[in-house]
């Protein structure tokens, strides 16, 4: 591979991959908390709608969803998405559905006594969620979130099938230019592995910090991580 | 146990029934508590004492009947009215239930700030005073997990008082503590009972403590008040066979 | 405790040391057991009794020293030699460790069939005999989870005996049992001790049982044998202060 | 984003940039070994759009079958990727008059062991054929009597080359120039002599041209004016020649003619 | 829905069924491969250090990199190594390999949940390693393993469309081909999207029921 291919394609591709990961993760986090919290709501209708969302988006394939957003939406609704945003939307919505299950599980794992203490101090339901339940549930969420983040990183490679010039698509173009498949795909796999490794390390640090915030010193319990 | 409202009546249960499935825990219960009184609930395990406190704290709903606090109706009532009435009630739990994600000071200031809208400085001032009262002036910045059970319970008492409730509900607040830590917590409560005019509704197995602080003792059995009166009367000269039996077992 | 090999010596530890991190659990331990003897290991918790049995059973390796069983060397040795020596040793665990996915009969026949290559019929015949011996002739087809702890432990004894080991290791085999089930298991073991010539190495807190069946008692402390002798001597007239102290606490 | 409307040429002029959809395929629009965009379509677009008052061409690679949807959903303003002009496509997009005419060619193993020189040969030899996703060659193969199910579809001609080299398929059908370009580095495969596919008993000569959105007739017409001038002056051939085009590939066919078949 | 065309749906259905068949074929073979290969990894995790370490590295690597890139890698690289495999075979191998790193973890968790005493009892009875694994440990681990494996089969189903990237004619590729031909995108893609939900949702209900029954 020539320097030109690296500077024009591979390195910008890595940058796109990182951006995609960050944007989709941000959207997925919003969806995960929104839907996850809605699943603990006292209203049955809200709970049902949230559960319905989760089932639909966990049921379908992220790639099919991505194609649908990109190819079908413009025809049906008259507005088009840049491939990058179609991808972010597809990844964010479907990984958000998985994340919602994590949020729900972590909220349910906070002891009910904490909620009762909140009621006894006359906090509103939203104050209880924000001040008491979430701060205690978040550290629990981090190891499973880490796994989802790695899945999401891998999922960003799907955008190459929409022609977004991420790492995989750059690899594809470089392959067309050089016809050196082994080198380029080996390098690409290593790039993803390194990004995943860095993300996992970062999440471990985050886990230790948030656990320290509620008075748990990690270590013996071990960081869940990807293993 | 009178059924007609009297002017300085703070808490009133009218024909309250609570069931769990087939199990009728409270059975058409009627009783009232006067403002400023310290009332102790005693009775065998499973007789429904905790249930009464939890109903008052709106942690559960009765199946029938009316509960009034300070003239306001708790049940049946809308969410908003309930919240207003609830502000007058504080509760201390058997398991302390401090918030592990906040330090001691914030445990105490959080509710006055968020619920009563008290400015931060004032809330902190007040919290420091209360933490002095319970003997923890040196622990403001510590996380609850680093405290002993007795210290945690004293923080929980300060936290409940910080809301300046008219009524303080106490549910076996010493029974999760190691024996050597019990005295410290009871001393704090005696102090509060003596120095404030707060109404206290207290479930306890510490009969000496009950005798010390109570104006009235209510003896429960099977979801009904079977006997009530001054501690002297109840402890020295109980009327009911069941009360005698119970006191024989616990004293 | 002699250091020179004698002809009918079955088990021999020579300068065996075992450490867990900084914790030296066995410290240059030497002892031997004669063929056919019933030896009981006693000593305070953490003194290394279980460790000795687990070393013999090759569930762990010593850091230093030599362990011999029936002339064959267990450590240091190759995987194949170890396997040969191990066939002569049976073990019964505190937690029974029956295979929950096999019925009682198969628990007992599995090893003879798979390890000794015994034909199915013969293994079943033998297993039935052993299950008779432990008083479970009516439970052949039952899964272990449907048995009481005492019954499970008796199956575990039958399972260990089915391999016709020369040595039977028993590690507090009654301590996970409800008190009323202990006697049944000990009776079975007494029976075996009386009617077979199997060598037994037994860790127990049941001093009466130890007195009944032992030819020798070894008193352990801090990874060393501090005293050994006949049960009469050890229980009635211990030499060491430490032994007296220990027996004073457990008897 | 909402689909913009109004006069596209005016919008492009004011933006100063036109987005060109390409398929990464040599010799039309691809990246060279230094990572830079090049190709017949890219170079031609640069010249013509400059004359139309749009100084910058921004090529945007995607896979072939996403080109038309991408054009329709405003990912690109214009597409050029060795795309043949045919009836189905004319219903979706507006084509400029073709800048070249083109025959098909097969990528086959060295020496063409099965003697495959036309779609008919493939049918007779029962050979395994492959082509690219969305390629017109699919229809030619079907027209020759190959069941649609038996045609292997690859994302791009390099994948096709690999498949031929490894014996996964016997031929990969593409445009003559693509096949010629792709096999250049290969020691195991070669391109057959260009031939005209037969459809409904007629030999079919294809022409490839720039594609515009259906609403952009004015832009297309302006583009046509320029390309006609360049055909006359011979400038077009000078631009295309370095990419392997020969005089034989120059054409006077119009998009209108090609849209009918 | 301004231009939904039912005739496009009808036109697509025949090829859709072909695609569904391929999808299911990939799913079944890929699952079997991942189940057996995962077991090999899981046993490797418990092996001596010189086995455990490379097995860990390889599985971590495969699990942390995208299946799509792995598909390209195998599709373009296997032939260079002299392995002649069709797209379908390559795709099935790649997806099976990728998911084997997940099933390996399922096995590991299931095996770790078997009490240590079971291993010790097997050693005490001198049972050979193969019997210990297949007669003692795995039968006990299986009740945790089966539902978790089922969930990964569902995930695998949702990843089969990736195989379109190397030209496997599964549902999504069929939809794309149909669209490229007719220029009608909405209908085929919507059919495929709904098909996924219709297969995946009941399947996940089934798995949850199974989980409730087996894991107590």
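Residue numbering begins at 1 within each chain, and the chains themselves are lettered A, B, C, D and E in the order written.
One rule holds in what follows: a contact is a pair of C-beta atoms (placed from the backbone, for glycine too) under 8 Å apart; a residue touches a chain by one contact, two chains touch by 3 or more.
From a predicted model like this one, the values you see are computed outputs, not experimental measurements.
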| item | value |
| --- | --- |
| Length of the shortest touching-chain route, chain B through to chain E | 2 |
| Set of chains whose contacts include both chain E and chain D | A |
| Of A-B and A-D, whichever chain pair has more C-beta contact pairs | A-D |
| Farthest chain relative to chain E (centres taken as mean CA coordinates) | B |
| Chain B onto chain C, rotation angle from CA fit, given as a multiple of 5 degrees | 175 |
| Chain B and chain C, separation of their C-alpha mean positions in angstrom | 57 |
| Inter-chain centre distance, chain C versus chain E - centres from mean C-alpha coordinates, in Å | 47 |
| CA centroid of chain B to CA centroid of chain D, Å | 83 |
| Two or more partner chains touched - positions in chain C | none |
| Residues of chain A touching at least two other chains | 71, 78, 161, 172, 175, 181 |
| Chain D residues counted as touching two or more neighbouring chains | 69, 155, 162 |
| Chain-level touch network, classified as line, ring, star, complete or other | other |
| All chain pairs that touch each other | A-B, A-D, A-E, C-E, D-E |
| Interfacial residue positions of chain A with respect to chain B in the complex | 113-114, 116-117, 119-124, 127, 131-132, 135-136, 213-216 |
| Chain A - residues contacting chain D, complex | 2, 4-9, 70-71, 74, 78-83, 161-163, 165, 169, 172-179, 181 |
| Of chain E, residues touching chain D in the complex | 18, 75-76, 79, 84-87, 165-167, 169, 173, 176-177, 179-183, 185 |
| Contact footprint of chain C on chain E as seen in their complex | 115, 117-118, 120-121, 123-128, 131, 135-136, 139-140 |
| Residues of chain E defined as touching chain A within the complex | 1-4, 60-61, 63-70, 72-73, 76-77, 80, 105, 157-162, 164-165, 172, 175-176, 179, 185-186, 189-190, 192-193, 196-197, 200-201, 204 |
